[in-house]
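Two complexes follow with chain A in common, the first pairing it with chain B and the second with chain C.
Up next is the complex of A and B:
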């Protein structure tokens, strides 16, 4: 890691943890907290999607895992009475286990087939949530308690969210912390042996397997990590809205997760984060345009695609010249 | 039972027509057209405008839908997909473009036609009744027959015309087709226009029966994806088979599973995933598309 990299990370951390809350306090735009919290959480989900892109699979099923994670967390909190902080990793793990079971058959598919089946998966999850008794059908699960206090060996780490005077800030910090951890993990994965193996899958799966890479195992691992991220994002969303319905995450959300990755750039670890920020924050700002919001948003997306088909971050990519 | 089969057959004819357009675009350009459902909705609204608001005959509305959608498809191919495919490092980038176009069409439909459910008056009155075994309104039969005629016409076009032969060559092997002197750019455009036209035609046909509204685009796209997954992406016979199979499953499921609540689609989705686990390329697809 070079010095400029380190400085960049330092500046980034300073901005998200110090500068943003300060600017919001000064400007009084408290609604930005909700927007930025959503951006942070969605970018965790799109980090997962990006990882499946990294092994050469188009994943339009992240909404399914966000929904599953949300329901796992909600059911555990309301029916079993587990603390939110414990349900968070459990939601992720549940999604990872499910994704292994689902991924075993469907990861054999490639290209458009995989994309379409994951899209269908989102719809299956929504319909399952409607049909199962434990999820309470279309009525959903509401009045979920706010996250409680977290103490480790008697040391209070995080106070009870219900007693904090500014839960918006608390949720923002929680989401941003999780986002930073996610991208640190993602960066570590990409720059490890695992990452190199994943790249070999992206380029040529047969060739990789012919030189002894266990492709089936690797695909499952990447997909499980991806779904883990999705589950975490869903669980925190549920804690913020204190409710979940089968329509909380639908096909549009799954498609959006994929779009965030594209806009940021598929070749860059930070791509999904930037893409999520640009698209979600841009969408929010465009609400002033009222009925033209979707028109302007989609036109901007098409224009972006025409000018920078390889993602916004490809602007800064000097290694490769124009193709 | 006869009633269920008749319903399934009628639904299947509509579905097959939608799937044909999607699969045609996919086979020629390797593009998964997310906007297909929106094109279908757009076509429905064009027919509605021509028939219900301008008061012209239904057939004029159908032609207007076909022509407007064909022009739209051609423009989308030439000015959007072609430059992106040329510049992009990864093929999947076209998916973002397709999704962007889907959003854009949604917004355009909202601004142009509003958000209300629209329909046109029945084109034929009366109900066909065969001994109380099959009961079907005449307009449904007419629409079903028209859809089958269009499917037959499309197959004949692809099989016997010069353009059809060129497109089949393109779908088989793009480079080889180019080397044999096929004008790749021209036939890509024609193919995209044809696919969009089919979507518009189905919209125009169905607006007489189910009506049309803004929210129908996305779910229609998903159904179309399922059909081409069942039959195999990029294969014409597969799209037709997929359309009829989905229509049948829906019709049978809605009757058989009604007792267990609204789980028809859950059952269809689940069986599709199991099916694809054993046969990833669908019924008639080439392995790995």
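Up next is the complex of A and C:
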């Protein structure tokens, strides 16, 4: 890692952990916490979608895993009484396991075929949530308790969110912490052998298998990691809204996850994060345009894709390969 | 000594089309064996069957006495039987060196998790791969294009890179499908020398498909000739050049250039 990289990371951490909370406190725009928390969580989901792009698959099904993760956390907390902090990794793992079962038959497909099936996946998950007794049908699961205290070996790490005077800030800090961890992991993946193999898969699957890569395994692994991220994002969303319904994540959300990756740039680890921020925050800011919100948003999106087909980050770097 | 590869009654049918039919021959360890024949004879299909990139309709391939037919290609590669491609097949958006490094996959001692965490073993692997990649670059004389993006390379260099990728896996048997295609005379002669050294210095058994007859005659210990999916001859270069069935097969096609 170069010095500029390190400096960039330092500045980024300062901004999200210090500058943003300070600016919000000064400006009194507390509503930004909700927006930025959403951006952080959504960009965890986008990171997963980006990784499936990285093995050459178009994933329009991340909403399904966000929904599953949310339900796993909600059910475990309300029906079994498990602590939120434990449901968080469990939600991710659940999604990873399910994605292996789903990926086994469908990851063989390429291009539009894989994309279409993942698109249907979100709808299937919604219908499943409607039908299953454990998810409580259309009524969903409500009155989910806030995350409790987290103590590890008697050391209190995180206080009970119900007793915190500013839970908005607490959720924001939780979301950006998870986001930072996710992108650190993604960066490591891309810059380690796993990422190199993913690139080999993306560029030529036949050649990859000729050099001994078990392409089926590798695709499953990438997809499982991707879905793990989706599940984590969903679980935290549920903790914030304290409720989940079959319509909490729908096909539009899945499509959005994919668009975030496109807009940010598929060749850049930070692409999905930036894309999520620009689109989600931009959408939010555009609410002043009222009935023209969607029109302006869509026009801006089309313009972006025309002018910068390789994503916004391609403005700053025209080298090929991972950044 | 047991042959390293035994091709036994290999047949491949695509629907009604028979790509090759009842082909049998042995490959001795450390030999350079060429498979020649007119366009569409079934040479590439034969290589794909050996490397398990396509299933066999009937017959089988034995590697050191054990069948390797109808396994997954990465399993066969792991056993040491590695093919290169007739079509230009490289990782386009990687540099030459990155292409070769990634192809060292089979030689990693560390797990993927180890690589993710940057374990000691993983760092040792990375260092070893980098060094070995540089060796391969030197071996094939690719120093000048080491850090060139693969998509920018001319045809001749692409063929060499394809071979470098195959080499990086540490093969026991390397199947080269038209390794000299698109190369000029000098490049071809350099590659011929490299393939020879591959066998002499590294003990790799080499099978190759080639249309460049002077190169084939120069490089091969033995030659197998296929025509319309059938093996019509097998022997040393001198025997093949004198074989009437071979001459007839080649005179019937455009490249009537078997005698030289």
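The criterion applied here is as follows: the second predicted complex is superposed on the first by the 318 of 323 C-alpha atoms of A that agree within 3 Å, B and C clash if a C-alpha of one lies under 4 Å from a C-alpha of the other, contacts with A are read in each partner's own complex, and residues count from 1 in each chain.
The definition used in the following text is that a residue touches a chain if its C-beta (ideal position, glycine included) is under 8 Å from a C-beta of that chain, and two chains touch if they have at least 3 such contacts.
Predicted model, so just to flag it, every value in this text is computed and none were measured.
*Asks:* Just to be sure I read the superposition right, which of the two partners does A:263 touch: chain B = first, chain C = second, or both, or neither?
*Replies:* A:263 sits against chain B, while chain C stays out of touch.
*Asks:* Applying the document's definition of touch, where does A:294 land relative to chain B and chain C: first, second, both, or neither?
*Replies:* Once the two structures are laid over each other on A, A:294 reaches chain B alone.
*Asks:* Thinking of the overlay built on chain A, is A:203 touched by chain B (first), by chain C (second), by both, or by neither?
*Replies:* The second partner, chain C, only.
*Asks:* Going by the contact rule set out at the top, does A:212 touch chain B (first), chain C (second), both, or neither?
*Replies:* In the superposition, A:212 touches chain C alone.
*Asks:* Of the two partner chains, chain B (first) and chain C (second), which one does A:108 touch, if any: first, second, both, or neither?
*Replies:* Only chain B; A:108 stays clear of chain C.
*Asks:* Considering only the touch criterion stated at the top, classify A:252 as touching first (chain B), second (chain C), both, or neither.
*Replies:* First partner only.
*Asks:* Based on the superposed arrangement, let me know which partner A:194 touches: chain B (first), chain C (second), both, or neither?
*Replies:* After superposition on chain A, A:194 lies in contact with chain C alone.
*Asks:* By the touch definition at the top of the document, which applies to A:309: first (chain B), second (chain C), both, or neither?
*Replies:* First partner only, chain B.
*Asks:* Looking at the overlay, does A:82 come into contact with chain B only (first), chain C only (second), both, or neither?
*Replies:* The answer is neither, since A:82 touches no partner chain.
*Asks:* Going by the contact rule stated at the top, is it chain B or chain C that touches a larger number of residues on chain A?
*Replies:* The partner with more contacted residues on chain A is B.
*Asks:* Per the definitions at the top, what is the overlap between the chain A residues touching chain B and those touching chain C?
*Replies:* none
*Asks:* Which of the residues in chain B come into contact with chain A in the complex?
*Replies:* Going through chain B, the ones touching chain A are 26, 30, 32, 34, 80, 83-84, 87-90, 92-93, 95-97, 99-101, 103-104, 106-108, 110-111, 218, 222, 225-226, 228-229, 233, 261-263, 265-266, 269-270, 272-274, 276-277, 280-281, 288-289.
*Asks:* Which chain A residues qualify as touching chain C in the complex?
*Replies:* For chain A paired with chain C, touching residues are 188-189, 192-194, 196-197, 199-200, 203-204, 206-207, 209-215, 221, 320-321.
*Asks:* Touching residues of chain C toward chain A in the complex: what are they?
*Replies:* 51, 53, 72-74, 77-78, 82-85, 89-94, 98, 101-103, 105-106, 108, 110, 112, 115-116, 118, 122, 125-126, 149, 165-166, 168-169
*Asks:* Spell out the residues on chain A that touch chain B in their complex, using ranges where they run on.
*Replies:* On the chain A side, the touching residues are 53, 58, 102, 105-106, 108-113, 115-117, 119-121, 123-124, 127-128, 130-131, 251-252, 255, 258-259, 262-263, 266-267, 291-295, 297-299, 301-302, 305-306, 309-310, 323.
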